[in-house]
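One chain, chain A, links the two complexes that follow: it is found with chain B in the first and with chain C in the second.
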Partner chain A sequence: MKVGLTHVGVVAYIIASSALVFVFPQSVLAFLCFEASLLVIYYASVDQTTKFCLGTIVLLVLLPLLGSVNGYYLEVAIQVGIFVALALGLNIVVGFVGLLNLGFVAFYAIGAYLWAIFGSPQANHFLPGNLFPLSSVWFFPFLLLSVGVGALTGALLGLPVLRLRGDYLAVVTLGFAEVVRALVNNFDKPINITNGPKGITPIEKPPLFFQPLLEFLGFSVNPSTLYPFYFYFLVLFIAMLTVVVARRLEESRIGRAWKAIREDEIAAAAMGIPVVRMKLLGLAVGASFASAVGVLFAAKQVFINPESFTFMESIGVLAMVILGGMGSIPGAILGATGVTILNLQVLKGLSLWLNSVRQSGIVLSIPLFGDFTLSQIPAQFEPAKYERMVFGLILILMMMFRPQGVLPPRQKRGH
Partner chain B sequence: MELALDILPQVLVDGIVLGFMYALIALGYTMVYGVLEFINFAHSEIFVLGAFVGVEILLLLESAGHLATLHTAFVLLIVILSGMLLSGLAAVALERVAYRPLQRSPRLVALISAIGASFFLQDALRFFESLWRNTFYLTYPTLDVLDKTVPLGLNVVVPVKSLLVIVTALVALAVLHLFVNRTRLGAAIRAVAQDPDTASLMGIPVNRVIALTFFVGGAMGGLAGVLFGLHYSLVNPYSGFFPGLKAFTAAVLGGIGNIPGAMLGGMVLGMLEAFAASYLSILTDGAFGAEYKDVFAFVVLILILILRPKGLLGEKVREEGA
Partner chain C sequence: MALLELRGISKRFGGLQALNRVDLTLEDGMIAALIGPNGAGKTTLFHTLTGIYRPDEGEIHFIGRSLVGLKPDKITGAGISRTFQNIRLFAHMTVLENILVGMHCRISTSLWGILLQSQGAHRQERDAARRAMELIELAGLRGKENEWAHQLSYGEQRRLEIARALAANPKVLLLDEPTAGMNTTEAQSLMMLFKDLIGRYVQAVLLIEHNMRVVMGISHRVYVLDYGEKIAEGHPDEVRRDPRVIEAYLGPGTWVGDAQS
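Now for the complex of A and B:
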């Protein structure tokens, strides 16, 4: 392996940006620089092994270390991981199979409620025996179960609607998501299954199965400081798993069949591809990703209610996929990371800045308009409240100027 | 069952009012679908814009002290016409900015752009109202005449505002019907809907006709918005989502691209919803109630698309004698 100037440059960038975060733990800008190091690694012209090693160091070592300096960064990383997995799931449906699913959040909700209902005392309302909440050991079986339940609901939704043309399918999936939300919102009577708009809490967290090991090694950490790191690694593991699954699928017969259907359904059918079965499979796989991430989300949040599963979430994930490039796995990851960071850090950061400006009480004298006290800026202007505008702009601008996305899928040579 | 019969007239009136509202909005979806074969997802925001134009004009008149002095009929005329005009123009602008550049792209691209436009417009409206009034939840000023009721015999009373919705919608639908079927411009719209390429060969300026279609559909949506505001009083930038989706369902129910179909679909859906809202809880003994009325439309939509994807009135009605 030749060590060239690029290697040195990349490593130097990583070191410099992490040092920046250590020195200014509260600076959003410094953390953004650090996050960009993953992009630098991806784009640098170094060999795959080096990329892999550097990426592993950044994700497994540096990010948790920075998280111990400022816990908020860990939270951001967890959110990014959740959305990466969601975007990869939607990318299979929209990007590979070419079906515009506007109700993706429904499967996310199904997974979340699956664990929320049984991982909390909620299930005692309709099942006898006071068995609930299930102990946290059941978290992993439920994670597996949610994959199955998600796939099943995805396929069930697909059965009636797959014959529809693309734009009808979009509206029907959107309607399906609203039906799921209405059911979740209203099934506190006649039998209390979902506890309605009040939501469900407390939900069991995943088991700390490694705690005996840590104690054996002589670490005694209390669970509340341990959980953020635990969730970080869990989310990272699941996000990585979804990357691997998506990648393997893409390169398999199934993935090629999906793309053939996307490009030309009639030609694909003529080639002997079972179009309906393949589309169902695509919907099911995408839904199972979302459902599994939902279980994780419920366990992380401890509290969930129907408000977390609105149409806007579906559009947010869609914006991530569109931004990165439909059908592109690196694109979906980049889009999810970019949009999440934009929402969590850039917009929130601007809002905080606006608030501090308002509280500073500075008076501006504008000619013709007279004096203007900055505290008069209405709270309505906080950029964090305009997520919809951001998603909308991303969708319109991408469609107009770069419909293939920022990182379009590479065209492989045809056979 | 005594109770069930007592509320029947009220349910009918509610259903008719909702039905006309959905019919007016559905026209926008169906006309645009007719000429472009594309779901104008942002049409619900055009509808909300109409409601906001209405409330802004009424609030301005109120603060200037003219609301009490001017004749109510005159005020209503101003509000309705300006709501229609501005919504129509907004729809034309939307087409020009967000859709026309994508006319040659795959349909999903245009649809995604439309979804983006819908989200963008919601927050743009919110931003504007926050700047202007410091709140984006607005209430229509009360017009005394509208809150009166008219007795219709047999102890049934109908609020004037419901009558206003019904009469205005009937007039608008009649004018639209004449416009589409009896004028040269209407013929141009129908020609483009049937076959844009041939229409273009016949000397019809297709892009201008598409803009005209957006204007007419948008104006109908704006009218529905003003009527919605006058009837239900409360508006916010996000209040178009459910009416929009239900109106789209109505358009599909009637047969998308089909103008009489949209009217029929709207009426059927409005009635279904009013009956579901009132009778579902009586029929199921309180287990399921009015809270499900919002998703009722989606269940209907999914059922039609499975059972009769062409809608009640089937394909686009062909030109007579063609």
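Now for the complex of A and C:
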């Protein structure tokens, strides 16, 4: 392998940005620079193996290390991972099969409630024997179960709506998500299954099966510091798994059949594609992704209520897919990462900065206007309060100037 | 023995009798043409044959089995492939992918095979890609396999659609106005291609054509439809002289010679 200048440059960038975060652990800007290193790796003109190795180092070593400096960064990374898996799932339904789904969050909710109900004392309300909460060991079987339940509900939703196209399908999926939310919101009587708007807590976390090993090795760590790292690696693993599954499907006859249905349903059928079966499969696979990360979300949050699964969440995930580039796996990943970081870090960072400016008491002298005290800036100017507006503006600008998304599907070279 | 046999096919849309008891037989090694004026029911017959419409009456037999009521994908699976009058390629897929979609029913990898990247799945993909390259070569699209279908020129898109239909490994190929929008020379060379397909890629071809002269040269049998009814059938030379055909095409009282030019 030839080590060129690009290799050195990329590695130097990674080292520099990580060092920056170590020196300024509170600086959002430094962490953004570090996050950008993944983009640098993706775009750098180096071979696949190098990209893979560098990406692995950044995600498996550097990010957890930085997370030990500032725990919030791990939280950001976990959120990003969750949304990456959601966006990849929705990308299959919307981007590949071409079915506009405005209620994707319903499957996320189904997964979350699946573990929340049985992984907490909640299930004792309607099942006898005081068996619940299930021990945390059950987390992994439930993760697998949620894939099946998600796929089943996805296909069930598909059955009645497959005759619908475009707008009609969108309205039905939207309704479906609202039905799911209304159900969990109201299923506290006559039998208390979901505990209604009060939500469910405490939900069991995944088992620390490796704790004996760590203790054997001489580390004594308390679970509360261990869990963020544990969740990070768990989310990373699941997100990577969804990437692999989505890519393998995309490059198979199933992925081609999905795209053919998206492009022209009649021609697809005439080419021997069982349209109904393939659509159901697409809906099922997409839903199973969402449902699996739902289980993870419930375990991470310890508390969930119907508020976490609103229509805005569905729209948010859809926006990630559209911004990234519909039908493109790198696009969905980038869209999910970008939007999550924008929400969690950029806008909040700007608010913090604006607050510090206000409190600094600096007086600006503007000619013709006279003196202007910075502390007079009203609190309403906090960018975090404009999250949706900024987000909406970005969407509008993107649709005007780059409707195909940041990373639209590319023509593959070489076969 | 007849490969494909249609008996008494009727199709109504409300008050319109689109097809009225049409019979049609396609034998092994045969190129048959379906001609007729606009709105005669030619494309409706194709749609009925490929399962997009279900016939109201009549029988469709294909190598000893009935095709009535089967879904389009099953009919393709049984061995009948088609192209469309207004080209229906998968625009945002590459040329290669378009062909590979055509092979869908000839690749049998399961979901698990794909997810686990089994040996079998890998081999099938490789074989499919190799065969697809052969078809791309046949369609004269070599070097364009990674271009998007919508980037091709009109003539290339027509040829790609034919190659895509062949990818399903059909016994019978149905072509809906394959030379539409082409000049006579292009049309003639495409017709020569169809002749070469017989025996090598397909057993029989049924094509809809507007341009009578193009059809006459290569078809073994011509069927003429008018207002949903078969008004003539037979050897091109017989059909050309049939007064009912001339009337249908050119209106009553026209001299025979006009139909020939």
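Observations
Methods note: the second predicted complex is superposed on the first by the 380 of 415 C-alpha atoms of A that agree within 3 Å, B and C clash if a C-alpha of one lies under 4 Å from a C-alpha of the other, contacts with A are read in each partner's own complex, and residues count from 1 in each chain.
In the analysis below, contacts are C-beta pairs under 8 Å (C-beta built on N, C-alpha and C of every residue); 3 or more make two chains touch, one makes a residue touch a chain.
It should be emphasised that the depicted structure is a prediction, and the values quoted were computed from it without experimental measurement.
Using the contact criterion defined above for the overlaid structures, shared-chain residue A:G392 touches chain B, although it does not reach chain C. By the touch criterion defined above, A:F311 reaches chain B but does not reach chain C.
Looking at the shared chain after the overlay, A:S135 reaches neither chain B nor chain C.
Applying the stated contact rule after C-alpha superposition, one finds that A:P190 touches chain B and leaves chain C untouched. Among chain B and chain C, the chain that touches a larger number of residues in chain A is B. Within the superposed three-chain model, A:A269 lies in touch with chain C and out of touch with chain B [touch as defined at top]. Judged by the touch definition given at the top, the superposed model places A:S375 against neither chain B nor chain C.
Looking at the shared chain after the overlay, A:L174 reaches chain B, while chain C stays out of its contact range. Of the two partner chains placed around the shared chain by superposition, chain B is the only one that A:I322 touches, whereas chain C remains out of contact. Residues common to the contacts of chain A with chain B and with chain C across the two structures: none.
Across the complex, chain A meets chain B through its residues 98, 100, 102, 160-161, 163-164, 166-168, 170-172, 174-176, 178-179, 182-183, 185-186, 189-190, 311-312, 315, 318-319, 322, 378, 380-381, 385-389, 391-396, 399-400, 403. The touching residues of chain C, when paired with chain A in their complex, are 50-52, 71-73, 76-77, 81-82, 84, 88-94, 96-97, 100-105, 107, 109, 111, 114-115, 117, 121, 125, 128-129, 133, 145-148, 164-165, 167-168.
Those residues of chain B whose C-beta lies close enough to touch chain A in the complex are 38-39, 98, 101-102, 105, 107-113, 115-124, 126-127, 130-131, 134-136, 241, 245, 248-249, 252, 286-288, 291-292, 294-295, 297-299, 301-302, 305-306, 309.
Residues 245, 248-249, 251-254, 256-257, 259-260, 263-264, 266-275, 281, 327, 409, 411-413, 415 of chain A are the ones touching chain C in the complex.
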